[in-house]
Each structure stands twice: as C-alpha cells, then as structure tokens.
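Presented sequentially are two complexes of chain A, the first with chain B as partner and the second with chain C.
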Partner chain A sequence: MDLKDKLLSSHLVFEDRSDMGSYVNNLRNDAIKVFQEKGFPSKKDEAWKYTSLNKVLSEDYCVFPKQETALEYNDVKKYFIHDIDTYKIVFIDGKYSSHLSQTTHEGIDVCLMSSALCKPKYRLVIENYFNKAAESDSLSALNTAFSSEGAYIHIPKNKLVEKPIQIIHFSTGNEAAIMLQPRNLIVVDENSHVQIIERHQSLTNNPVLTNSVTEIFAAKRAIVDYYKIQNDNANASLIDNTFIKQKQSSLASVHTFSFGGKLTRNNLNFYQNGERIDSTLKGVTIIGNKQHVDHNTLVHHIEPNCESHQDYKGIFDENSTGVFNGKVVVEKEAQKTNAFQANNNILVSDKATINTKPQLEIFADDVKCSHGCTIGQLDESAMFYMQSRGIPKKEAKALLMFAFSNDVLSSVKIPELKQRITKIIANKLGVSLGFDL
Partner chain B sequence: MLKINDLHASVEDKDILKGINLEVKPGEVHAIMGPNGSGKSTLASVIAGKEDYEVQKGSISFNGEAIEELDAEERAHKGIFLSFQYPVEIPGVSVTNFIKTAINESRKAQGLEEMPAKDMLKLIREKADLLEIDRNFLSRSLNEGFSGGEKKRNEIFQMAMLDPKLAILDETDSGLDIDALRIVANGVNKLKSKDNSVIVITHYQRLLDYIVPDYVHVLYKGKIVKSGTKELAHELEAKGYDWIKEEVNA
Partner chain C sequence: MSKYTEDDLREELKTKEYEYGFYTDIESETFPVGLNEDIVRAISKKKEEPEWMTEWRLEAFRVWQNMEEPEWANVNYEKPDFQAISYYSAPNSKPKYDSLDEVDPELLATFEKLGISLDEQKKLAGVAMDVVVDSVSVATTFKKTLGEKGIIFMSISEAIKEHPELVKKYIGTVVPQKDNFYAALNSAVFSDGSFCYIPKGVKCPMELSTYFRINQAGTGQFERTLVIADEGSYVSYLEGCTAPSRDENQLHAAVVELIALDDAEIKYSTVQNWFPGNAEGKGGVFNFVTKRGLCEKNAKISWTQVETGSAVTWKYPSCVLKGDNSVGEFYSIAVTNNYQQADTGTKMIHLGKNTKSTIISKGISAGKSQNSYRGLVQVNSRAENARNFSQCDSLLMGNECGAHTFPYIEAKNKTAKIEHEATTSKIGEDQIFYCNQRGIDTEKAIALIVNGFSKEVLNKLPMEFAVEAQKLLEISLEGSVG
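Entry: the complex of A and B
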C-alpha cells in the first residue's frame, strides 16, 4: 500500500476518535477529500519542479505511534536553548511531553493544540483562526485532515512576552519509520510581542517525515519573531508549511537556519492585510552530502505602504541541492510598496546544485521592488588574505562563510540563539574559532 | 633572510615573472619600483604563497629553507607578512577577533598555547596606540566601510601584532593622504630592527622619504633591470621610467 492509500485508510480510524460534528472535525473531513483528490505533489507541479518527494514518500511510515516514550531532560538538553529561561512546548513522537514542557496560562496561553481543541474556552479563538490562513494545497490539507496536536499560543492585547517560547518535536526511533503532522496556531493580539523558536529533532537514524502546518496571526502593531532551526539527522525530512497573516503596522519575521536533514521544504507565506506592515524572511542554508533544502516563499502585498525584506544565503557543498523560489505579489491597491528580495549562493563543490527563481507579479505602478540572485564560489582573494595572516584554509573558509551569512545572523534578536547558531555552523564546518561572533 | 633565485612565475599560462634574483638580509629595507604591469604585485603574492601563481622555475628560500611549495599560512607562520594593496572586507568579524584568530593560529602552528586574553588585550592596546588607532575602530567589522587610509593603517596594525621577520608592503602608500602616510610610515619604522627586513613595493618616491630604503630595484617586464641605492628612486621620480624602458629595449 502506498503512503497516500495508507493515510486515507488511517483517516477512517482517526475520524472515529475525533469529536464528531465539531468545527475542526468538519474541516478535517473536507481536507481529507482535498488530499484524496490532489494527492502528493509531483515534479509536474510548477512549485515542485526542483524537489521530488518520491524517495521520501517511499518509506513505510507509521502514522499513529503505538507507544509513548519518555526522554530525560539531560539527554536532550543540548537541543534546547537552555542558558536562558523559556517556555517550552515539547513533543515526543508527536505526543505531548508534560515532563519536558513548561507551559503557562498566566495572562497568556502557551499550551497544546489538543487541549485547545477540546476545551470550550478556546472555542472562539479556534473558530476565528484555525485554518483561516492555511492554503488548501494538498500537503496543508493533509495536515489539516490529521490535525490534533501541536503548539497553541495566544497572546492577548498589550503583552510583551519576556521569555522566548521553544517548540520542539523529538522523534525517538521507536518506530522503524514515522510520519508526524504537527499543527501550530499562534495568535498575537494588538500591541503584543512574542519570540518563538521551533526545532524538529530526530534522535536516531530511522526515517522521519514531518509535514507541519503553522498558522500565525499578527494583529495591529503586534511583533512576532519566529526562528526555525533545521539541523536534523540525515534520515529526517521536513515539509514546513507556515502561513502568516498580518494586520496594520505589525512586524513579523521568520528566520530559517537549515543545516541538517535529508530533504527540507519550507513553504513560507506572508499575507499583508493592512497598511504599514513589515515582513521579514531570512535564511541561511549550509548543507552538503546529498542534502536538499528548498525555500518556497510568498509575500502577498495587498494594501498600500507596506514593506517586505527577503534575504536568503546558501552554501552548498558536495552533491547537495538548493532551491529558492521567491514569489512577490503586489496587488493594484498596494501602492508605495517596498519589496526587497535577495538570494545569494556559494557553490563550494562542482557537484552541488542551486536552482533559484525570483517571481514578481506587480499590478501597482508606484512601487519599489528589487530582486537579485547570485551564484558564486568562495572568494579566492579573501582566502589568500586570511591565509597570509596565518589562518589555515579550513578556518579561513569558515570565517568567509560566517561573513557571508552575517546579514542574516546579525538580525537574530536573541543573543543566546545567535550564539547557538554560530556554534552549530562552526561544528558543521569542523572549526573552533575561539570567539563568539 | 630571503633569497630568490632565477624565479619564473605565471598565472593562467601567462608568464609574469621572468627570472628574478633578489637577496634581502636581516635589517635591510628594499624598495621595488617599476611601471604598471611590470610584475611587482605578482612578486609580492608569489613570495607570500598565493595559489593562483605557478612557480615554473627557480627558487625562493627563507632563512635557508625552500618555501615555494608551502601554503600561504605556513609561510605566515614562518614570519612572512604581506600588506595588501586591496585589503579584503570581512563583515561580522571584528578587527580584534580577526587578529586574535591570526595570532593564535600562528601560535598553534608553533606548538604554543593560545595567548592569554589579558596579554592579548595589552598587546592590542599597545600596537593600536603606536598606529594612532581609535579603540572603537577595533570592534568594527574587518575593513568593512573603512576608508583607504583606515584599511592601510589596519594592515600595519596587523603587521605590528604579528611581528613578522619579513614584511612586504604592497602599494601601502596608494590611497593615503599625507597624514595617514606619515602615521603608517612611522609605524613601520618603529617596528624595524636589525633582525627583520622590509620590502616596499611602490610606484612613487613619496613613501621612500619616510621609509628609507637601503636598496632600490626597478622591475620591468618581469625582471629586475636596475638596482641601486635610494638615489635611484630620486632619479626615477625626476625622470620617470621611460629612460629605463629605452635602456632595456635597446
């Protein structure tokens, strides 16, 4: 039985367990029909031209893990940003781990989707926001069809959340292969500010496929900073579908750091519903050894006087492949839009590939839109400069890569996170630089 | 200290150096002058170990050891320093962190421990003062947004920190106003001793008023066509290079 059939038949079982007739359950039933009709995307779809899911879909994934597993904090501490106080929402093989989590209901809600879906006090928020940003593409629909667990974050008006929130998904390898479909909902009301860090981490080499959907709503003047750390094991693949709806004068940023994993596809979509909105999409990708990272972004400028900033850097070694497909739509009403997009790549090896495609659809006539993509090699004269000062090749290469990524790294607002990311990069490049950047 | 024997070098199959002979002894200052495209910067890069250049013939020895097969960083660890005509910008890496890395990598190569942070700080302050470098400057990204003068001053600051046996200054005077030139030259002079040597590569006599050479060589078409003392530099300043070209071509 192929994965699609398996999912379709599993859904029948899933339906029995769900609360019949509820708002979300109706959505699930509609969504499974969408998935049944569309199936998994293939290379024939324009948006998937350079990324094939065939290999990833060929595993025999367990869709509902049978047993629950406990993890000791000390064994997985290194995957947390642990040197600062944070809220934590942690899942093990798709199941919530209260042991590793630190949630709250004091003034703000940082908790789980499963409880938000069944408790009446969250019903209004769920009915107002759940699935209101996500598109009905087949993968998002598939996630909706199985949606039951994930992070639920609601920040009411005028709250500055001082501690960052970490959302971490572990997979333990207890199943030979597992498919996870976390569903996150983040609602940030007027004037509020929140910082969120998301990570998916497999603890063994057993295949993992995660198809996640995150919906984020930023109300007037809200500030949302979202960081994704993608540094998973070699057999873990991730399809990340993130949808952000912004209202007037809000600021939202998503930074994506992709260093690990087998196949990573980021579908990142911003919708601007209001004036003076600012959207930031940045990413650093450093991969090698058959890894594949695909950034598929959309910024939809709907109203006047808004900005968007996209800056994606990629360093590709060995036989790795990168894809960048950045779409910017500026509607007729969206005058005075300022949309900036850059995608810079370095191919370290002759066997590495990057496919980069900016896509601008501009219907307004008084806008500033720029885009640029570059593909190059490591700067030989810069290498020589550093070597001539006594810095060996490997370290010189690492310094150049840091310098190349600096525009993205420097806008990370949590210093401990920035430090952690530079450490991950240094480890990946096998250097110790003796200082923090 | 440095002995170059019948050196031929090419880049991308283009012959640039065509038989250079040069000997630099400890404590000496040599100036290498010559018209554009004569091979001056190539010579500097070949001594420092740039990979693009291929040594086809001849030898370079440094303190009695053949170095033409060594990587650039290995030559740096042995005490060769090249001040670049166009220093490279490295965003996100501060001047201080860069020089710390450079010094500790050199120490590592020599089997030494990293320099204690306190000593490093003291050394940085001392050398920054020598070159009249502002403290704030040290925390800026290396060469990023630096003026021409700042870049060159930063090169000599790094030279002061690394304390090389042989310093090659490639067009260090280009892009400098007279005050910056004086500061840079002053720094070089203060670092000079009877044990280390300097090769100054320049178009103009100007820098040589401050850093006074023991010998002046004229490079033309990949060869040293004339050598003399500092008076040769004055003559070149007055008469230009045409008379040398005529002599060679005759």
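Entry: the complex of A and C
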C-alpha cells in the first residue's frame, strides 16, 4: 500500500474520532477529496520540476503518532533559544507537551490548535481565518484533511508581545518512521507586533516526514517577524507550506535558515491585500552530503504602492542540490510596486547542483521590478590576501562564506538568535570562529 | 478558397494596418487537407525524394502521432486542427527559370510590393536571395558567385537530390525528429527550405538571405533550414519574413539547424514580421519554431532576432556548446502589440570546457499583449570554467499588457560563473516630456526611446537589416502611445 492509499484509508479512522459536522470538519472532508484527486506532486508538475518526493514517500510512515513520549528539558535544551525568556509551544511526535511548554492567555493567546478548534470562544477566529490563506494544492489540502494540532497564536489589537514565541516540533519516532502534519494559525491584529521562531527537530534515526502548514494574517500596521530554523538530522524531511496574508501598511518578514535535513521544501507565499505593504523573504542555505533544499516563493502584489524584498543565499557542497524558484506576480492594479529579488549561490563541489528559476509576471506598467541571480565561486584574490596574512585556508574560506551570508543574517532582529545561527554556520563550515570580529 | 477582388485589395491597402497585407493569386497545386501516412508519402514523392528521405519523414510522422501538443508555454490560443490544414502547396508555374523574364509576372509584382525586386536586390548590397514563395524556391541568384567558392546554397529539396550525402549526414542531428511536437510535424511534412554548406576555411563573401512568405489560403508553411559551416569557415545568414493578411490563423512550424564545426562561425539573423492579427486580435500567424545550433571546438554561433509579428510566437533559438572554447550568443528584441503573445528566449547548453554564452533579451509589450522571456542556461558537470551572462529587460507601455520572465538556471559544475539580471520598467514621463519640449512629438519620442532601449541588439544586425528592423519597431508600436 503506498502512502497515498494509506493516508486516504486512515482519514476514515480520523474522521470517526473527530467532531462531526463542525466547520473545520467539513473543510477536512473537502480537503481529503482534493488530495485524493491530485495525489502527491510529481516532477511533471512545473513547481516540482527539480524536486522529487519519490524517495521520501517510499518510506512506511506511521500516520498517527502513538502515545506521548516524555522528554527531559535538559536533553533537548540545546534546541531551544534558552538564554532569553520566551513563550514556548512544544510538540513531541505531534502531541502537545505541556511540561516543556510555556503558553499564555493573558491579553494574548499563545496556545494550541486542538483547544482552539474545540472551545467555542475561539470559534469566530477559526471560522474567519482557518484555511482562508492556504492554497488548495495537494500537500496543503492533505495537511488540512488531517489538521488537528499545532500552534494557535492570536495577538489582539495594539499589543507588543515582549518575548519571542518559540514553536518546536520534536519527533522521537521510537517505534517507526512517522509522518507529522502540524497546522499553525497566527493572527496578528492591528498595530500589534510579534516575533516567532519555528523549529522542527528529529531525535531519532528513523525517517520523519513533516508536512506543515502555517497561516499568518497580518492586519493593518501589524509587524510579524518569523524565523525558521531548519537544522534537522539526515533522515528528516520537511515540506513547509507557509501562507501570509497582509493588510495595508503591515510589515512581514520570514527568514529561513536551512542547514540540515534530507529534503527540505519551503513553499512560502505572500499575498498583499492592501496598500503600502512591505514583505521580506530572506534565506541562507548551507548544505552538503546528499541534502536537498528547495525554496519555492511567491509574492503576489495585488494593490498599489507595495514593496517586496527577497534575498536568498546558498552554499552547496558535496552531493547537495539547491533549488530556488522565486515568483513575483504584479497585478494590473498594483502600480508603483517595488519588487526586488536576488538569489546568489556558491557551488563548492563539482557534484553539487543548483537549479534556479527567478520568475517575474508583471501586468502593471509603472513598477520597478528586478531580479538578479548569480552562481559563482569564492574570490581567489580575497582568499590569497587572507592566506598571505596567516589565516589558514579553511578559516579564510569560512570567513568569506560567512560574509556572503551576512546580508541575510544582519536583518535578524533577535540578537540571541543571530548568535545561535552564527554558531550553527561556524559548525557547518567546520571552523571554531565566532565571527564576531 | 474565396477570391480577393481588386477592391478588397485596395481597401486593405488603404487601411494600412499591415503594410504587406496583400494576396497573390497564383494557380497553386494544393494537396487535400488532412495528414496521414499517404500525404507524407505524397509530399516526398512530389519532391522526387530518395527512399531514405521518405522513410525519415515517415519515422517522424509516426512519432508525431503519439505526441501531444505542448501546453507549458505562457500563451493562450485556439489550437490548430492539424487535420484541417493542407500540407503542400507549390506555385504551379514549374519548371524553374533562368532569367527573371520567365517568372510569373504576378509573382514579380508581389516582390515589388514587398520592395524586393530581384534586379534591384541583385545589384544592391550583394545579397543573394533565395526567395521562397509558398514553400518552393522559385528563384535563386548569385549561385554562380557562391559556386566559385565552393559554397552550396540552394533549396533543401534540391540539396536532397544533389548532395544527399551532406543532407543525410547532418539533417536531424541537432534537432532530432522526435525533439518536440512541432519539430516532429515539420520533419514529417516539411515542404522546402534552405540548405547551405560552407567548405573548410571559406569565408562567405556575402550575406545569405532568404525571404519566407506564406501565400496560400489555408496552407501552413513548414520550412526546414540546414546550415553547415565546415572547419574554419564563416557565414552570416539572414532570414526575413512577411506574410499577407488573412483572417483564419495560419500555422508556421519551422525547424532551423545550424552546425558549426571546429573554428567555424555562424551568424544567424532573423527579422520576423508575420501578420500579427488585427487590432481586435483576430487572425494572425502561429509561429512555433525550433531553432538550434551545435558548436564544435572553438566554434561560435550567434543568434540575432527581431520579433515583431505573429499572433502567437513560440521560439527558442538555442546553442549546444559541445566543443571546448565554443561561444554561443543570443540577441533578441521581441515586440508585442494589441493581442499578440510571445513566449521566446533561448537555451544555452554548456557541455565543453571554457564555453561562454551571452544572452541579451529585450521585450517590449504594448496594447493588450503578453510578452514572455523563457530561457535555460545549463552547465553540465564536465563543463569547466563555463561562463554565462544573461540580461532580460522588459519595457511596458500601458497597463493592459504583461511582461514575464522564466529563466531556468541549472549548474552542476563548481567552476561555473553565471549571472542573470532582469528588469522591468516603463517609458518615463519625464523622458517623453523632455522630447516634447524639444519639438519631438510623442509618437516619435517613443520610437526614439524604444530604439535606444533596443540598441544593443539592433547593433548586432547586419546593416540592411538594422535599418529595416528599426522601421519595423516603429510600425509595430504605432498607435500604442498611452
């Protein structure tokens, strides 16, 4: 039985135990039909031309996680940004871990999707926002069909959330390979500001496949900073679908740091429904050893006077493959749009591959749109300069690569997070530099 | 076939929408509509082709039957019914002529309207013209001059008879029969086209040029062009197109194959001005072309194109940089107005070491047109030190048109250096104001700015073409001031 059939049959079981007839349940039933019809995307789909899911899908995944596994905080402390106070929403194998989490209902709601789905006081928010941004592509539909758990964050008007929120998904997968489908909903009302850090972490050598959907709504003048840390172990694959709907004068930024995992696919979609919106999409990818990272972005400019900034840097070693497919659509009404896109790559090994496709679709005439894309090597004269001053080759190389990715790092607004990422990069490049020169 | 009367013609010329919109009534021999193996055989027989050629066509036809029409291009159109097209039509007045006096006077009049009267052409600029009217080559000039240098320049059907060894060796090597839907169709039914062979070490003394025209109601034109530049040779080849106005959509599916052997250089320039349909988007030519060149060691292929016509264009002149140190270039201007749709670009496949490619693409969209650049730069794992520079600029006029870019970049070698840049902008009001202020009216000002925008590409065209192309740009954008 292949994974699709397995998912379809387990959906029947899933249906039995979930609340019949509710708003979300109807969505789930519609979604499973969409998935049944479309199936998993294949290389024949233009959006999946360079990324094949076949290998990942061939594993025998357990679709419903078993009982909750307890984790000791000290064992997993290193995966948290632990040197600052944060709200935490932690899941172990898809189940909420109250013991590791720190949620709140004081003024803001930082809690669980499962409780938001069943408690009547959240009903209005759920009905207004749930599944309102997500596209009905097959993977998002699959997630919707099985959506039951994830983070639920609702920031009401005029709130500045003082501490960042961490969302961490651990998979212990002690028994077998598992498939997780977390569903996050983040609603930020007018004038509010929130910072969120998301991380998926596998603690097992068994294969893990995560198909995550995150919907973010930024109301007027809201500010949302979202950071994704992808540094999973070599058997974990992640398909991340993020949909962001912005209203006028809001600022949203998503930084994606992809350092680990077997296969990572980021579907990042921004929809600008209002004027004077600013969207930022940035990413650093440093991978090697048969890893595959695919960034598939979309910025949809619908109304006038908006901006978008995209900057993706990639360093590819060994047998790794990097894919970038950035699409910018400027509608007819979206005059005075400023859309900027850059994708710079360094190939370190002859076995590494880069496929990039920056794509512009423009229907308005009074716009400034540009994209740039480069593939190149480290500057040999810079290397020579450093070596001639006694910096060993390895460190010189690491310094240059760090400088290369610094454009993206410099816009990270949480200093502790920046430090942490710097460390991961140093680690990845095999040097013990702090880079705080 | 409905007949055009003098009045119709006069009326059409008066409207001046499409300058070359006229129709010559020559008694043509036209095949019944539809396509099957018998038709393919009949075409081949008609052209007195040897057995291997017939088989080659049939092979292509069988492959084609199992292929589906591609849909990935960013264009919308009503698909042609391939069973409703006549696949062969030839001017009836055979055999060929030695002097112009023998040529059907109506044909000569056609040329005159086009401004390419043969005598004049002979004297002017030393351009040898292989004029294709309705798929069959009617007159070839300057053959003798070329013959002295050992250059073979003739229609491909003649070449199949006279130089079968060359044709057999090279045809289908760059664009195989099963390459794509339209290439397969072309391989099965191609009616005529040009063949050119430049021997070792010869620099072709003149620009070779062919004017392709579609001239028979309901016939598609399927030319096949094969240019072979032997070691160390050089040739510059020009291709220009005009077509009469016609209400139904016409299909044009050509295949062009270029082969540049070691140290050879081919420069291939195109000015394409097929009937784009009227201002309501009715009619116009479908242009689905496969063009590809193969570069051996130190060879160079340069594509230059000015695309102003056709209702739908689907065209990607490509270079396969097989030999070490080979160079591929692509310079393009694509102008779309009214309801035109263009999806055009290039493919640069780097296989050899130290290969270089340059892509300069300028897209201008006006009216309600859609203009897309679609390109591929591929660096294979053995292509050490490959270098590519691409630049795609789009100019938008009015807010009802669209400009799109789909550049694919695939690199598998760490020494590859690839740069890609794209920008989209409009003509600045301040620029127009500046011109107005100095007494240049808005229409002229736009022509001026567009010319400046596309100068990089225009400069790459041979002299005569550059002038013609500049005029074409102006005509194409007439009335799009907004």
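The criterion applied here is as follows: the second predicted complex is superposed on the first by the 434 of 437 C-alpha atoms of A that agree within 3 Å, B and C clash if a C-alpha of one lies under 4 Å from a C-alpha of the other, contacts with A are read in each partner's own complex, and residues count from 1 in each chain.
Following the convention adopted for this analysis, a residue touches a chain if its C-beta (ideal position, glycine included) is under 8 Å from a C-beta of that chain, and two chains touch if they have at least 3 such contacts.
A quick note: this is a predicted structure, and the numbers were derived from the prediction, not measured.
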| item | value |
| --- | --- |
| Chain C versus chain B on the shared chain A, clash or fit after superposition | fit |
| Touched partner set for A:105, first chain B, second chain C, both or neither | neither |
| Touched partner set for A:55, first chain B, second chain C, both or neither | neither |
| A:406 touches, of chain B and chain C: first, second, both or neither? | first |
| Partner chain in contact with A:390 - chain B first, chain C second, else both or neither | first |
| Contacts of A:382 with chain B and chain C, given as first, second, both or neither | first |
| First (chain B), second (chain C), both or neither touched by A:290 | neither |
| Chain B versus chain C as contact partner of A:363, first or second or both or neither | second |
| Lowest C-alpha to C-alpha distance for chain C against chain B (Å) | 13 |
| Chain A residues touching chain B - in the complex, by the definition given at the top | 379-382, 384-393, 395-396, 399-400, 402-403, 405-407, 409-410, 433-435, 437 |
| Chain A-touching residues of chain C, taken from the complex the two chains share | 72, 379, 381, 394, 396-426 |
| Chain A contact footprint on chain B (complex, rising order) | 45, 48-52, 71-73, 75-77, 81-82, 84, 86-88, 90-93, 97-106, 109, 114, 141, 158, 162 |
| Chain C partner contacts - residues on chain A that touch it in the complex | 46, 332, 335, 345, 347-377 |
